[in-house]
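Same chain, two partners: chain A is paired with chain B first, then with chain C.
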Partner chain A sequence: MIEQRISPPKTRIDVTVDGSTVSVPEGSTLLDACNAAGADVPTLCYLETLTPINSCRACVVEVEGSRTLVPACSRVAEPGMDVQSDSDRVQRARKSVYELLASAVDLSLAEPETVRQMERYDVDPERFGEGWHRTDEVKIQDDLYIRDYDKCIMCFRCVAACGPDAQNTFAIDTAGRGLNSTIATEFDVSLPESACVYCGNCVAVCPTGALMFKTEYDLRTSDDWRPDDQHVATTVCSFCGVGCNLELHVQDNRIVKVTSPMDHSVTEGHLCIKGRFGWGYVQPEPD
Partner chain B sequence: MLGIPDSRWHGGERTAGGDRVAYGGFHRAAARRHLLLPALHALQDAIGWVSHGALNYVSERLDLGPAEAYGVATFYDLIATEHAPPVVAHVCDDIACLAKGASRIVDELEAALGPAGEHGDAAPWKRSPCLGQCEKGSAAFIQCAGASARSIAPVTAEQVIDIVTSGSADDAVAPTTSAQDRSDLRLLAILDDEGDMGLYRSKGGYEGLARALEIGPAASVAEVEASGIRGRGGAAFPAGIKWRAVTEHEGVKYVVCNADESEPGTFKDRVLLEGDPFAVIEGLTIAGVTTGAQQGYLYLRGEYPVAFRRLSEALESAREAGLLGPDIAGSGRTFDIEIRRGAGAYICGEETALFNSIEGFRGEPRQKPPFPTDAGLFGRPTLVNNVETLANIPAILRDGGAAYAEIGTAQSTGPKLFCVSGNVASPGVYEVEFGATIRELIELAGGVDGALRAVLIGGAAGSFVDASQLDMPLTFEDTRAAQLGLGSGVIIAFNESIDMHTIVARIADFFGEESCGLCVPCRVGTVRQHESLVRISEGGDRAAELEILDELDHVLRDASVCGLGQAASSAVQSAIRLGLI
Partner chain C sequence: MLGAGGGTSSYEEIESTDLIVLWGSNARNAHPIFFHHLMKGVRNGAKMFAVDPRRTESARWADVWLGIDVGSDIALANTIAREIIAAGLTNDEFIRHSTSGFDEFAASVEEWTLERGEEVTGVPAEAIRQLAHDYATAETAQLCWTLGITEHHNATDNVLSLINLALLTGHVGRYGSGLVPIRGQNNVQGGGDMGALPNKLPGFQDVTNDEHRGKFEAQWGVDVPAEPGWHVTQMFDAMERGDIRAMYIIGENPAQSEADSRRTIDLLEGLDFLVVQDIFLTKTAALADVVLPAAAGWAESDGTATSSERRVQVMRKALDPPGEAKDDLDILSLLAAEMGHGWGMPTAEEVWDELRSLSPMHGGMSYRRLEELGGLQWPCPDEDHPGTLFLHGWLWEDPLPREPAPFSSVEWAPPIDPLSDEYPMRLTTGRRLDGYNTGVQSGGYRSPIATGGVIDLDPVDAADLGVSDGDVVRVTSRRGHIDVVARHRDGLRPGLAFMAIHWPDDADVNTLTLDAWDPKSGTAEFKATAVRIEPVQR
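Right, the complex of A and B next:
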């Protein structure tokens, strides 16, 4: 017998976004409401498949009656809320948030969406003056992926993906406090010595290239990473019966990266070591 | 701490046939995650640091990833994850002590012992944020492997050098003194070193609890509401609203006493906990029986070893007297209190960060809503009150809320403790009725040494005022009208000899050091604020820097997750407005 979960129909509530009323199902976030209203709200640490941690503050919006700005990604919409998604106050805060981040970490490989938002808010990384900047050596500890914490914006997506939101491995967590906090294994032991199972889900969710597949890293280092010359082949993983969709990113007839679609009902973008890295057998050894 | 392992998997007894049975019990182990910080404390107290093997063992017993436990351990200043010397001295160089010449002590220690250690490293001494001993003029907190921690105040550089080299220390805290005649005071009437419950009861102690049990929860909440008491921790939220909200919830709930007093310049809670622990315990017990909670937690600042001992003894006496435990004062109600020690993190005084800390997570704040009264500790409705707030509760129940509301002003009811320190003749905790002015409090403390330059009210998260504002009554309404905050009741006076650049930069440095690192505005913004202030004091382009500071002020106030970031620019901005820097 197939068990079917039937949830009661959700009541819809009305929220005002930038002067126009939108109706969203009860329990939606303000980000859902803003998206429904067509407002362009930037996000950085938020990912639809992970629990919002609201750390980046790029998605802050102004809510009538609230003393401070509120993070749209995690604030649940309440009936009658009056939201300003891009008021002067919001723009000012977002610009500063991006400038603070850009002044402290290397955003050169950030997602195109982040680059677009930084242009939108006319971000000047120099505005807060010369000062502390992340300086970390690239950690290359195995052949599967690298960690370059110079580029880490502490969005905690990798921690959530490694932990309760996907993999339940808990190999990495935030260590330290404040500006010196970083993502680390216990006592910063190398990945092969840690609990890491090499599912690569942390790499898949990283928005800034701080975590990168070794194949991509090597190609970038030799200045041979050419996304425009890559094509993506969609297939189903052949290892077990779960049926995870794979997207094989192929450059010069070689697989350079494997991802899974975020909207795939089985994987939500997450894979295991076999699907993620176990493709060596389909292509000949390099010369 | 964690008990004997119940399985051979974790080093327990070997039983016949046991080898063939796989061990389960992981949910049971994970449900004990809240013991993580106490376990780390136990290791730190016993051997002076948390080794890799020890961390792995604790993680296994609590079914945690070692990386998670490491993340928690490295969050706290008082937990070392590198092989530390057996004795480590944390020496206060915060603003109140700076006004009394702490930089001299720091210089002498640097000359004798080398540079101060950074977080997590193996140096024998470290600079510490305010240790809450401000009335003593200088202070050190000593961690000793194999012995309990010690407080020394006032302290000299020679003492610290001697302790660090000899490897042993005793408590040497000067008794709490006050220039005030205490006979008519309400909160400071008892300052008792003996921890004698008889003395407390002879002055009307536990009559409040008796009346609360007699009139029941609904009437008790009504008394708290009628009293008009607002929280004394800094946010000034009406306590009655929280009491009612938690009481009206069904099911398991908790009451928590926030004793993580860490706001620079604040020491009133320490004085209460050391001198009159029963008042706080009675207040929390009344909160428990009124709201229907069976378990109370008292989250005590880790740097308060004397208060920890006094409280532990007082809790034991209360249990012996039947005033805590399964049948409180013969009422059939169950309530007990557990002390949880903080481990050196200012942010854990933020209520939701405090919950995370108790639950065994990193002490990072949670986004509100939901508010603690709906979903707090362990996700249950939780009443959190500050030490001083709870110390007022017995009198509110004993004499009635209406009588209490007569004290002070219409909107700020009750007695209030102020922590007066810095360049005054007799620093200390002073009790007044709401309505006293800054000038009156400074005069109570014997007046300013020398010519007054500025007064910091509300602590590092507060604001500077100058001589023109000394006649402002220290009430919630007057300070709010002046766009200042009463905060936790801090009054630090600075005279003309003090370099205000140093003081303001120290405040900015404090926030940078104490930011948990969760949100971008606070994690990066507090450090940028400090850098900008340093550039100003080094003769940088002042106009450009003021623009940077103004922009940082906006993003910190508007976009930070919690009150720490939102208040991190307050004192700096007030110093700029007054032309102090």
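Right, the complex of A and C next:
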């Protein structure tokens, strides 16, 4: 009557990526297959810890027999699929995706990976001329984090992290239509009045700096955000016994930001208000 | 559990289990990241029962909420057990093979019919029946609890009554089935593991066991007392008798965290000599003859902490401590030197390596492995061992390698502080999402959702008392009274009030609580105070 953990070995399937065959576990996505084949497929809205959102189209690839390009992040690989990860058609699509975004959104604080991909595809942010730009006021409604929707690419990572993928709080979602659509609280009330519980998990997954910890925002505003002078120490949160890993980002012997490793089994990068923001007691505010 | 002081399961198991019972735990607020794992389980189809006097933010996610009267947990557990037995849903093969004392246990719960259970617990019989049947018939089930179970005068019996349910059904020692106490502090598990218990040496080795004690005596070159010491509550009783005249308190704020704080402060003030080592000048430190300023362990020094899934993880120093504050370890080493013992100034890793040589369950946990692997779960006896996902798999081995797991017949006893005409309301305590314990730490940031010290009242009670939302009320127990702002809250029940413990400077709830404590664990009954609530005339 010995029972053991039963996880039957997964069937593997073969997929062709850029002419070479790779074997991946059944249920893998085309992105997994491309990564396994060593192909350099960009992603924007995709994050390993979230359900694929399919909003940005940066990861599109060409699949033999498919009329349209398909998003690699969410399309499940099928045996025998023949994938072109960087064909002319794919390159044109990606270039357009980035140029459309850059024409409307302030990408100055986008993740380094995004900057690299924009260089790779020779993106011209001016291609669509003056066009249309987001012009929102920075929302500063408390001391914990700010929202600058001029930088928002509507990737919905924050919505997924606030909702069913982690926090299950559902404080934010899309409001408005078309170009005027934005991420907002219910009826666009201020954050303290909303359902927000200030876990900051939305901030942690934001790829463009649209959501930013107030500490970082203040330092950037006073031109004193110096990543080269920062070090990161990994420790365990001092509140409760769950054992969340904290990455303390330290500048001048002061904590300026707290994150958690995305690849750690306990948190998957997510924290609560205490772990994310509750460190002030080791660091009284300067007089 | 079952002789090993740790939760049996890993967090990942709740993500794929079939049934979740959350008992006396508002994990969504008190353990939010554990609740993320729990919610994955719910989204993967697990059915969830919540047992709690309050319909908490956690209970709102449950399929069934069992609104239990405070302090009737054993009555509920015994009723569930009796129903499982009466309905023929026991795992007879598991009981025969892996447990002992079933017949006696079955006789002890025989009186706990569904009707009697409903009468004592306030939970409808049908809801009790449903939990019993679903738990017994689930393929896998996780039974999780926190301080709603342990902050009672009969805490240990409460836990034993839950273990009985797992033994009846075989919901322990298998992937997905287990007993899951979620711990309240980041290293309360590690503290116990390290022997910070009156009767234990590191690695749950017994001080009364000559062989265990001998290992430590040989390593340290000193005699280790063979008798168990006292836990905190016993120490305060010893202070009252005059058997303790001096105390050295490290990182604890009993002046505010102990029940019946007026008595606690009197006893601390009555000591001949009090040393407090803390990162702040707490209320307790303010009473001390000598205060030793300490570094904040998690941010200002190296070390390890052990989580509720028995995961030991390394903590690295991020900041230099302020002023003259020193690492706890350095303070102890310097004190030892003053007392004529040459310990040198060992690093945290050096102390850990000595521990690994003496505590078999930690043997394989080098700092290098802990950092590379994101922590390891004990037991982990050697450096080739991957750590242990769940405990008590031996219960399913044939032949059974150890003595079978015993059922425990436990008697229900009502809370020590009885309701009466004079004190007709039940006050229970707990945490809020953004607060922590006595607020020494969580008071250090500007939470936009902070409530401050308030008492939550059921709207029905508030109407009866003529108390509007935001009015000040006087709350009186048999020990003292406080004035505090009242809030109307859903999720309570008439007769039940709630206060968080994080704002003792606004409203010191431990002026009201009593220091009745569980003789087996030393935990005080913070959860069940009889009070009277009156509007304050303005």
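Here is the rule we use: the second predicted complex is superposed on the first by the 281 of 287 C-alpha atoms of A that agree within 3 Å, B and C clash if a C-alpha of one lies under 4 Å from a C-alpha of the other, contacts with A are read in each partner's own complex, and residues count from 1 in each chain.
Definition applied: a residue touches a chain if its C-beta (ideal position, glycine included) is under 8 Å from a C-beta of that chain, and two chains touch if they have at least 3 such contacts.
All values reported here derive from a predicted model rather than from experimental measurement.
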item: First (chain B), second (chain C), both or neither touched by A:65; value: neither
item: Partner chain in contact with A:237 - chain B first, chain C second, else both or neither; value: second
item: Contacts of A:19 with chain B and chain C, given as first, second, both or neither; value: neither
item: First, second, both or neither for A:192, with chain B first and chain C second; value: second
item: First, second, both or neither for A:55, with chain B first and chain C second; value: first
item: Touched partner set for A:112, first chain B, second chain C, both or neither; value: neither
item: Partner chain(s) touched by A:171 [first = chain B, second = chain C, both, neither]; value: first
item: Of all residues in chain A, those that touch chain C in their complex; value: 1-6, 141-144, 164, 166-168, 191-192, 197-199, 231, 233-246, 248, 250, 253-255, 261, 263-268, 270-275, 277-284
item: Complex interface listing, chain A residues touching chain B; value: 53-58, 60, 68-69, 71, 74-76, 89, 92-93, 96-97, 100-101, 103-104, 127-129, 131-132, 153-154, 163, 169-181, 184-187, 194-195
item: Residue numbers on chain B that touch chain A, as the complex places them; value: 52, 55-56, 59, 64-71, 74-75, 81, 119-120, 345, 362, 367, 369, 512-521, 523-528, 531-532, 535, 545, 548, 551-552, 554-555, 557-561, 566
item: Chain C residues touching chain A - in the complex, by the definition given at the top; value: 11-12, 30-34, 36, 39, 43, 61, 93-94, 97, 174-175, 182-189, 279-280, 296-300, 305-309, 311, 313-320, 374-375, 389, 393, 396-398, 433-434, 436, 440-449
